[in-house]
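To keep things simple, chains are lettered A, B, C, D and E as they appear, and every chain counts its residues starting from 1.
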Amino acid sequence: MDYLSYDEVACIEKAADDVGALKRVVGSRTVTWINVNGLADIALIEAIGKLFNLHQLALEDVINVHQRPKVEEYDEQLFIVTRMLPEPTSKETEQVSMFLGKGYVVTFQERPGDVFEPVRQRLRRDGGQIRKLGADYLVYALLDAVIDGYFPVLERRGEEVEHLEDLVVSKPREALLSVIHETKRDLLDLRRAVWPQREMLSALMRQDGGFIEERTKVYLRDCYDHVVQLIDIIETYREICSGLVETYLSSLSNRMNEIMKVLTIMATVFIPLSFIAGLYGMNFDPKASPWNMPELGWKYGYPFALGLMIAVAAGLLWSFWWRGWFGGSDEGE
Amino acid sequence: MDYLSYDEVACIEKAADDVGALKRVVGSRTVTWINVNGLADIALIEAIGKLFNLHQLALEDVINVHQRPKVEEYDEQLFIVTRMLPEPTSKETEQVSMFLGKGYVVTFQERPGDVFEPVRQRLRRDGGQIRKLGADYLVYALLDAVIDGYFPVLERRGEEVEHLEDLVVSKPREALLSVIHETKRDLLDLRRAVWPQREMLSALMRQDGGFIEERTKVYLRDCYDHVVQLIDIIETYREICSGLVETYLSSLSNRMNEIMKVLTIMATVFIPLSFIAGLYGMNFDPKASPWNMPELGWKYGYPFALGLMIAVAAGLLWSFWWRGWFGGSDEGE
Amino acid sequence: MDYLSYDEVACIEKAADDVGALKRVVGSRTVTWINVNGLADIALIEAIGKLFNLHQLALEDVINVHQRPKVEEYDEQLFIVTRMLPEPTSKETEQVSMFLGKGYVVTFQERPGDVFEPVRQRLRRDGGQIRKLGADYLVYALLDAVIDGYFPVLERRGEEVEHLEDLVVSKPREALLSVIHETKRDLLDLRRAVWPQREMLSALMRQDGGFIEERTKVYLRDCYDHVVQLIDIIETYREICSGLVETYLSSLSNRMNEIMKVLTIMATVFIPLSFIAGLYGMNFDPKASPWNMPELGWKYGYPFALGLMIAVAAGLLWSFWWRGWFGGSDEGE
Amino acid sequence: MDYLSYDEVACIEKAADDVGALKRVVGSRTVTWINVNGLADIALIEAIGKLFNLHQLALEDVINVHQRPKVEEYDEQLFIVTRMLPEPTSKETEQVSMFLGKGYVVTFQERPGDVFEPVRQRLRRDGGQIRKLGADYLVYALLDAVIDGYFPVLERRGEEVEHLEDLVVSKPREALLSVIHETKRDLLDLRRAVWPQREMLSALMRQDGGFIEERTKVYLRDCYDHVVQLIDIIETYREICSGLVETYLSSLSNRMNEIMKVLTIMATVFIPLSFIAGLYGMNFDPKASPWNMPELGWKYGYPFALGLMIAVAAGLLWSFWWRGWFGGSDEGE
Amino acid sequence: MDYLSYDEVACIEKAADDVGALKRVVGSRTVTWINVNGLADIALIEAIGKLFNLHQLALEDVINVHQRPKVEEYDEQLFIVTRMLPEPTSKETEQVSMFLGKGYVVTFQERPGDVFEPVRQRLRRDGGQIRKLGADYLVYALLDAVIDGYFPVLERRGEEVEHLEDLVVSKPREALLSVIHETKRDLLDLRRAVWPQREMLSALMRQDGGFIEERTKVYLRDCYDHVVQLIDIIETYREICSGLVETYLSSLSNRMNEIMKVLTIMATVFIPLSFIAGLYGMNFDPKASPWNMPELGWKYGYPFALGLMIAVAAGLLWSFWWRGWFGGSDEGE
């Protein structure tokens, strides 16, 4: 647990050991931000809950980290749950729970490591706007940082999707389908994390219990716009992924077509040739009658047979060429 | 039929024989919870209906166990229908009907066996919060137990879906498609049972007839969140199942491709070889003319023919390798 | 045309010849229910319209039997259109038009034969609740009978769908697809008949023109629940039908796979054997050189060739077995 | 341009040459209906616009004939755009723009030829209801005529769809797919023309600027019902068309199956026979050893070989019969 | 940066160097339109922001050019974001940000080059309506120009889609699928740019902060209609593209069918012929017994064999003709 207590004049930052220390801090400056990293120390959470008079149900939601983003109004606090992607490489979201009260903000994170560093920098800097404004603006700044943290992750997803597009066309293989479905599921997870943030922000903007000042709502509207943009991007990627499945399946059909063409060309060219060879392999006795395979005794019998074969093969190949079955490199794979 | 009558001081639990006994109990303590297991004893249900002045239509809904979860306001009671999965292995939901009146809750279950044991434990324990609060909180506790009972079932479904995913990729067989469709239908059933609970809870939260205290609505909101989470999970599983059908169909296509490849390779390699063999099986008479199959009389005629065959086969195999038709284990099954 | 005039004391039932008789009946008892079977007698309908001062547009809707279920408020009546399945085997719905006025209900049916017999029974019975209540309750009872008439029809559809499921897996044939599409269309028709009934009932429940008493709205709510249940069932069946098409198509693919496997096994096993046979059918002259097909003169030449063939065939079959191509009964059809 | 000026007493109908004449007509009788056929004469349109003080934007919409049906309220008029199918064979809708003012209706059509003839007939007839009512009723009558004009067109589309259904099953050919898609697009066009009419009528019914009397709204509600019916029918046809594509594709698969079956039967029956023939065509020297093809010297060697072939062929055919590959007429095409 | 300051009397147009000059201009005439081309000069944007007291968040949105179209109300301005297609060949939209204040409009464009030239022309012309009206009308004129700029682009897309339709039927090749998906994505992009403009315009029409006069709202309604029309067209093209994928896939299946037919005809005709040839190539010894291949010694043995072959081939070809396998040009490609 650490806290950051600030007003326009100064900003004090400390790692606190016990909750007792907090009592003295809160109220000494305009805003105090208490941040708890990790949810293992139940006793600490209980103590903070008692100090700030937090509702039991809200504390349960803090510990139970599968909450959807939401905002709930209690008597003394606004309870906000959001989901954060702590790093550009994160696959799973982490729950961040916030309590906004008069002059303080308490945040609980699942694990150390967050996207709030830029906010801390702005708080430490003298003369920044954030130092002049209240706890509700701090909550906005934190939510904004959470939302901004989604963009680099989505950018990576976008690159993956583009890479998949290349692969599906150039090297269609079954494993790709699993990758596409996995990507779709990742996008589905992101969507489930982002959609409710939209409702949450819209609820914050409609909030009229005095926790959020009008001035701050303009900023929340901006944040809301970003979430809508996120949703737009996610939906686009999902549509592209659906198109990829179609492309993959048609690419399979194309391959089958090509294989069939090779088989058909080979088989249909050689089948008549083999038949001719078989024909002259028959054992009818030329001596028994002049009608019995006189070709066998012709002077140019063999060259005639070979010529016949070449003519048939050429005719068939020409007919395939005429049907446009060659040029496989253009139309096939 | 058994009942549980409690206030902050004590909790009396009894199996009641006749409705007459109930008359004396209700009102003696703050809250009385009457629970009826099984709906066969119509006379009993009628008697309870008369005692508490329950509406005829509501009683019909109690007996007719295909109701969707809902809440209906009558003059003296709130009538709530919910659907419970009594065990983690349950496939079908069981209807639970509740009447919330002043100082009492009456519940009707289809069969003995329910998810309410934890609630009973909390009621029996002295000093618990539940003993201090009214009948509306008891209804919340029961609904919460019902909703919590869905999570283990869904977890099992999730494991099944994951198992199906493995099977579809490793051992695609037609029977799988039926299993996938069955799983989809199970999820559809769950969805049909869960969706209306959302509306039901939201109606309870909006309820302003005095049956539900404001204090309890905070708890119902929590319950509502859980239902939304349930719906989220169910929808995700349904999307995954749809993806599985696609994977299965493409896996069929892949297999066909592999079969076609084997056929094509075998056929196209051997067809020219057979042709060559057929060629030298022709019976043109070498004695009739020097042009007639002089190869037959060559010293190395046979080795030459064999060499020609090996060259052709090697050439074809090389061309298939070049097309990437081998490596079936990577791209095929 | 027949009518049923009743109050708590008595119930008079008669087939009326002319509209004049009606004038004397209406008002004599609390409620009069006039039922017209068949719409051929335009004059009669006009006369009734004049007697009760029905709006021209409503009468046109009565005759024009393709109306969607709806409720419309006129000055002196509520005009209700619903669609009835007169028998469990009916394929098409029949329009029932009702006018609810002060002390009377007029119903028009397309054809004789309806689902209202149980309502008539209840009206004839002394002391039933229905006899004590007003015309609005009669309308509820009629609508309830109409809705209940859908359930047996849907049950039949459900059995058909299950039968189709069995057939698609056991005997996939093209005719099935038409049957599936027909079933889907039947369900679509039902859906089009049922969906608007929901809106119609919800409009009746919101109705505040004095036609419907508050007491009756509780009953309409019950009726509304049944319609929602109907919609639920229909949607489930439609989803199952969509799954059946998928199963059918994949079953076609499976059959193709099996055919291809048989062809491939036969062809690839015999092609090399035929090649060997062709090889030793070549006519190279063993006398010309010792290199020319010495096998032909070997003592065990023929058994050697046969052995070679058996070995090749066994090797190929083993390789197919190893790929899991046998066991067609499990994986194929 | 022509006009129809009427009240309960008389109905004057004339083709007007110049706008000046209109000035004297409007106001002389209760309602004047001015109809402009064709939009080429911009000056005329401008003059009418000036005479009735029509808004510039509305006039632009009149000329720009790609408007969606809509209703817009201006100070002195209600501006209504609808789309008409002038004939049962029409493929494309024609824009009809109407201005409803106090005592007059101005309509603009793209081309001569409309569905308003029945309305004119009713206006010319003495004593009809339409002559007694105001300009708003005339607008209703015109809109009703427009909507009724869609039904015969849809009936034709319905017949086309049914014809397509027959063809897809009996003679599947690629050209059908284009026809199906074209039909779908036509339905899409109809849908785009009809959907907004629904909103337009609902806006007219909610209209409270004094242009539409309450009495007329009952009639508009009837018109609205017809539009909803139209939408219902269109959506049904669209669903059927989607089913047709599925049927067509499965019919292609079926044909492929049949072709494959013929190939497989022919190939697998003859391949073993050819192998046997090839076997006894080998040239092993029976004189070299008694092991070398003694069959060639048997007395019944040839009949034995033929018998073997017949036995093999019969066995294979029986196995295909047992697999149900014959009976192609039932299961195949 | 350049500005256009005008009232009914005059219109002054100038390229301004510094913001100082603007101070003197604004307010001197009824409306001043300041247009900034390119967003590289941050200092300039900041200076303008300070001059007009623009909100910091709005300025950030101006620079951050991935905003969705929207309208936001600030104390002194209405902030409008729209997306423009500057040329009929543009593939990507460009963000245009507008501030509407009392007597001035400030617009920011990403790049030089826009669709506003016609608006400038109208402003320069004396006596035009636009010169008489306020800044809100100018904003309408600009938005209208932006919307109108979409139509030529969509027309091009429409031509592309039609061209694709031709190609898919006449020359199906895999590359087409990518083109179709690309077109779909382009349409998706357009949709994402156009949809929010609808909400934006509808928000402008509902705007009651005094920035937009009632008179102007009539014009915005017209603009709104155009956007709805755009959305209609885009959705239609998207539906057509989805149909194209289906057509393409079925065209692939058709080709496969044709290839299979060629193979099957060739193989099944020649396989029996080869068998007959093989039959008479057997070496059974006619001398050993009269049963051993007496045909070989017949006088017309060879012609008999050839005749048998011709008969078989003719029979098979007839059976294929009877199945309708010829006429490939009609049914196949």
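The rule we apply is simple: a residue touches a chain if its C-beta (ideal position, glycine included) is under 8 Å from a C-beta of that chain, and two chains touch if they have at least 3 such contacts.
Given the structure is predicted, the values throughout are model-derived calculations rather than measurements.
Novice: Common contacts of chain A and chain C?
Specialist: B
Novice: Kindly list the shared contact partners of chain A and chain D, in label order.
Specialist: E
Novice: Can you compute the centre-to-centre distance for chain B and chain D, using the mean CA position of each chain? Integer Å is fine.
Specialist: Whole-Å distance between the two chain centres: 40.
Novice: Compute the distance, rounded to whole Å, between the mean C-alpha positions of chain B and chain C.
Specialist: 25
Novice: I need the residues of chain D touching at least two other chains; which ones are they?
Specialist: 249, 253, 256, 260, 263, 267, 271, 274, 278, 281-283, 293
Novice: Starting at chain A, then chain E, how do the chains run round the ring?
Specialist: Loop order (chain A start, chain E next): A, E, D, C, B.
Novice: Can you list the chain B residues touching chain A in their complex?
Specialist: Residues of chain B touching chain A: 169, 218-219, 221-222, 225, 228-229, 232, 236, 239-240, 243, 246-247, 249-251, 253-254, 256-257, 260-261, 263-264, 267-268, 271-272, 274-275, 278-279, 281-285, 288-289, 291-293, 325, 330-332.
Novice: Tell me, which parts of chain C touch chain D in their complex?
Specialist: Residues in contact with chain D: 55, 57, 60-61, 66-68, 70, 72, 74, 173-174, 177-178, 181, 184-185, 188, 192, 245, 248-249, 252-253, 255-256, 259-260, 262-263, 266-267, 270-271, 273-274, 277-278, 280-283, 286, 293, 295-303, 305.
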